[in-house]
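Chain naming follows the written order as A, B, C and D, and within any one chain the residues start at number 1.
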Amino acid sequence: MPARYLVAVVGRRDYGCASELVCEVPDDFRPHPGQFVHVACGGDGRILRRPFSVFDRGEGTASILVREAGEGSSWLKRRGPGDRLDILGPLGRGFDLCAEGGRLLVAGGAGIAPLRFLAKRLLEEGETCLVAWGMGEAAEYGVLPDVLKKEADVRLACLDGSGGHAGSAVDLAMQLDRESAGQVYACGPREMLLSLAARMEEVDREGLARLQVSVEERMACGVGVCRGCAVPVAEPPGAYRAACSDGPVFRGDELDWMRMAALT
Amino acid sequence: MDAHGGVDLRVEISGISLQNPVLACSGTFGNGREMSAWMDIRRLGGVMTKAVTLDPCAGNPPPRVWETPSGMLNAIGLENKGLERFLEEDLPWLHDMGVPVWVNVAGFTAAEYVEVAREVSRAKIASALELNISCPNVKKGGLHFSADESEAERLVSAVKGAVDIPVYVKLSPRTGDLRGFAGAMVRAGADGISLINTMPAMAVDVETARPRLGNLTGGLSGPAIHPVAVQMVWEVAQEVDVPIIGMGGIWGWRDAVEMLMVGADAVAVGTLNFTDPTATLGVVEGIAAFMRRKGYRRVGELVDLARRGRSGAAG
Amino acid sequence: MDAHGGVDLRVEISGISLQNPVLACSGTFGNGREMSAWMDIRRLGGVMTKAVTLDPCAGNPPPRVWETPSGMLNAIGLENKGLERFLEEDLPWLHDMGVPVWVNVAGFTAAEYVEVAREVSRAKIASALELNISCPNVKKGGLHFSADESEAERLVSAVKGAVDIPVYVKLSPRTGDLRGFAGAMVRAGADGISLINTMPAMAVDVETARPRLGNLTGGLSGPAIHPVAVQMVWEVAQEVDVPIIGMGGIWGWRDAVEMLMVGADAVAVGTLNFTDPTATLGVVEGIAAFMRRKGYRRVGELVDLARRGRSGAAG
Amino acid sequence: MPARYLVAVVGRRDYGCASELVCEVPDDFRPHPGQFVHVACGGDGRILRRPFSVFDRGEGTASILVREAGEGSSWLKRRGPGDRLDILGPLGRGFDLCAEGGRLLVAGGAGIAPLRFLAKRLLEEGETCLVAWGMGEAAEYGVLPDVLKKEADVRLACLDGSGGHAGSAVDLAMQLDRESAGQVYACGPREMLLSLAARMEEVDREGLARLQVSVEERMACGVGVCRGCAVPVAEPPGAYRAACSDGPVFRGDELDWMRMAALT
């Protein structure tokens, strides 16, 4: 059950442009991979919470990975032991883990957050998975790639060629395994999701049904009441669903990719 | 009432008994169902539903929300399932919760308002209607009525003629002659006034020169507009004799008490629900604690106190 | 202009040459003298003076200011030394600084507005007038004109008939039919529009049930109202062809650029002066740096870009 | 000359309900007793500065005494070494030091701030002075009374009788020296100033001319441009002057005490 928690930050690990904030959480905080927490990010006239995917769930702790993107995330990234966070969660519909065949996880930038948690869970459940993680340059997330490589089969794609595959995460993913994966899980910038969806559709008409994406949309409430986080869906035509409560994870064939592409 | 330690929070407006003066604002509480995962909505004074239109409405293209200093913009665009599903799914559910319900009615033409209002009234399980003639986020209907007093009057009398439950009219902060407008609504038959709706507002990303909202403009809500709402309630309370539900940036019990003191009979909490889905109940508790501390026994003692206090002092 | 690294910040509106598009708002900059201890006011695009009334005006009883979330209330009540001393002491001083001056004119009757306007125009050293028909803090005059379009029209034509310098009309956010009102002002002779004035607003101390301001109600300014100002400029820019000076919660260069992009030809910085008396010059520098970074060479390229950008995209 | 400074807090001393914040200031920061600084008090939607009297000026430092009165002062009181303050100052018209005869300083609560600085300056200049400081109870300002007693002749008045004179600072002051003082300097709550002015007027018609008070009025700009800090003055009748630039120190006979009393 989602609830409001005031959690103590018990650790912070800085990874380049992002920081992992480890918080003490009670046992009843049971996130599913792909779910998020809605975090109050300080005062300064900021009245809305910010959504962050669950990055990890350990013994008595859970963590988020915060990339600085603006004032709220910048405030959050600077928290550390001694601070408390006001969070709502876990929220939203996470990834569907049931699938036949291999799993391919495609992350763009901080989109690694929910996919890392997913990968851990999949491995715990005895599944195999392959992670393609794209970023601008190899140093962007500090030592995080090395940390994650110890946990799972993580391959990097760097746009500037400074490490791993030289190019995008989508290119890398398609090279690695575009036909055999039973399920492709993705999280990243909208452009990345658009290009991935297009490539999946190229493969075969059912490609989008094998895709699950976690979308980023601006949110107010995070709990399904404001309709602020509208995502264009295929059915009924012209309709929207709520990223926060119907998502943030959608099956590729649930979304209206044409209208997704038209959004700025 | 014992639940609040000797303080009686009950309020009766337009013949509707509220167990306390705290409602949830239209559009910030869904139709109650999602919020019931977070709180016991039966403990509210009342719920004002998300706007209901005749036909299902997909709403505006995203992005639909943007944060501003101590406020937020929204341009949801009246997304809702339409009258039929509202009457089937949402209104009965709310009714079963035993909480008074103000159904927020919107339309793109006057005829649509009237039809939605008539059907809701016919269902016999809504406490009242709230005519949303102040939504800044639709091209037709909505705010258009707030700019034209005589059209608004015609709308209110048409709706009144079609229903047998109380009709509240929700005012926009973009109203020129506020007192005149409020008075005209009451003369046209309004049983109560609610205010304020969001303020027309806008933000642009200077890096791209693009508006932050898919709808280009939106409505401002939250603490930023609270002082505006207080002033408007103060002004309208001097003009009309019907009940007033005050809303706009209420961010805790203190803002709610302030609203009562300038003349609101009840208050509604909006954007704060997004920051804290249990906030409404905190406001109820806070009002009760304030009343206990100050020795007030009934909510009515607070209503209009800022004016009565002064005239008392002068007299 | 070399001073700003290849970027030309000059703007010409109503035949008045401004070296940059950043003015100081009326009432937030005194008449320049105090501020000149903090900055070189000659580097401003222009100064809009504190309201001038025919007779000296003591203003409202204190308290006159109160802070609200991301905003402030004021009810100064047009405190000023009156026309005579203004013409003797302040206007010549400002003129000597060589900075364009908009003289903000207020009155308690239409005749007073006209007389002040006539005398200022006669002095031959003011660049323009700004008719303050939107001050929420006086019982007569002020906002009263904003609620009545035809009275406002008569006032504008009477003033125009009495002066030979450009007349700007300052609009209130409490205007119902904004486009209609702005259009009517231009047809009545307004050479330009400035907006927005403060929003009528109020705060009450719940511990004492007393309003926070001596005048009971006041005007809200600051970042809280910025999105409202942006929307109003956007709307008025679609209606009128005369120059627009945009103001309201500008809290840095970004907000100023935003105002230009929705259609303002120049901007004015108000409440921010209280937080940082050198802020106006920071806004000028910030605009220049933005233009350099983005490759804009003239301010005019920014004006209305949010609309032009879109129509460009659509066309 | 007043200016805007970003000053480093180099020390904080807690004195009960108030804290002294010691800041590093450049040499050109030359406050006169009774002048104030206008301090930015954090974010959280607080856009206005808060005025605080200069409490001390030492070698390369200046300090203010902050009593928690609301959210801004509460934020300020919690600053300490490592923080920086954004201040404007020194602002306003301070006390007129020139006078014949003894000096009596009458402080109410945190009104001690400008008078402490004044007393130090008077003593430095070889003048004598007597300070009557009123508070609710003797413990309210921690050890600050003891600290100040080492510097000057400070007598306490406690409303609850817990120390010094049992009663108000005004009562104490009038007992101490109501006729001989060449100049009476006062700072404190409006009620205290009103009662002091009334008592001074009782003594003789010129009593108010021997009184200098520092008034507290809500401020926006602090520099004389907004006219927000209006103080009712005697001449011309009905007029106001600006606490921030014409004051905060006024001679007793400059003010319109009838209208002062009518303010809430």
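Keep in mind that, in the parts below, a residue touches a chain if its C-beta (ideal position, glycine included) is under 8 Å from a C-beta of that chain, and two chains touch if they have at least 3 such contacts.
Since we're looking at a predicted model, the values are computed, not measured.
Counting only chains that touch, the fewest steps needed to get from chain A to chain C is 1. Separating the centre of chain B from that of chain C, both taken as means of CA atoms, is a distance of 33 Å. Centre to centre, using the average C-alpha position, chain C and chain D are separated by 36 Å. Rounded to whole angstrom units, the spacing between the C-alpha centres of chain B and chain D is 46. Within chain D, the positions touching two or more other chains are listed as 45.
Among the residues of chain C, those touching two or more other chains are numbered 69-71, 208, 210, 222-223. If touching chains are joined by edges, the resulting network of the protein chains shown connects every chain directly with every other.
Across the interface of their complex, chain B is touched by residues 68-71, 73, 146-148, 173-178, 180-181, 199-204, 206, 208-211, 216-217, 220, 222-228, 230-232, 234-235, 249, 251, 254, 257-258, 261-262, 290, 305-306, 309-310 of chain C. Touching chain D in their complex are the following residues of chain B: 69-70, 223. Interface residues of chain C, counted against chain D in their complex, comprise 27-30, 34-35, 37-38, 50, 58-67, 69-72, 74, 76, 79, 208, 210, 214, 222-223, 271, 273-278.
Looking at the complex, you find that chain D touches chain C at residues 1-4, 40, 45-49, 88, 217-232, 238-240, 245, 259, 262-264. Per the touch definition, chain A reaches chain C in the complex via residues 45.
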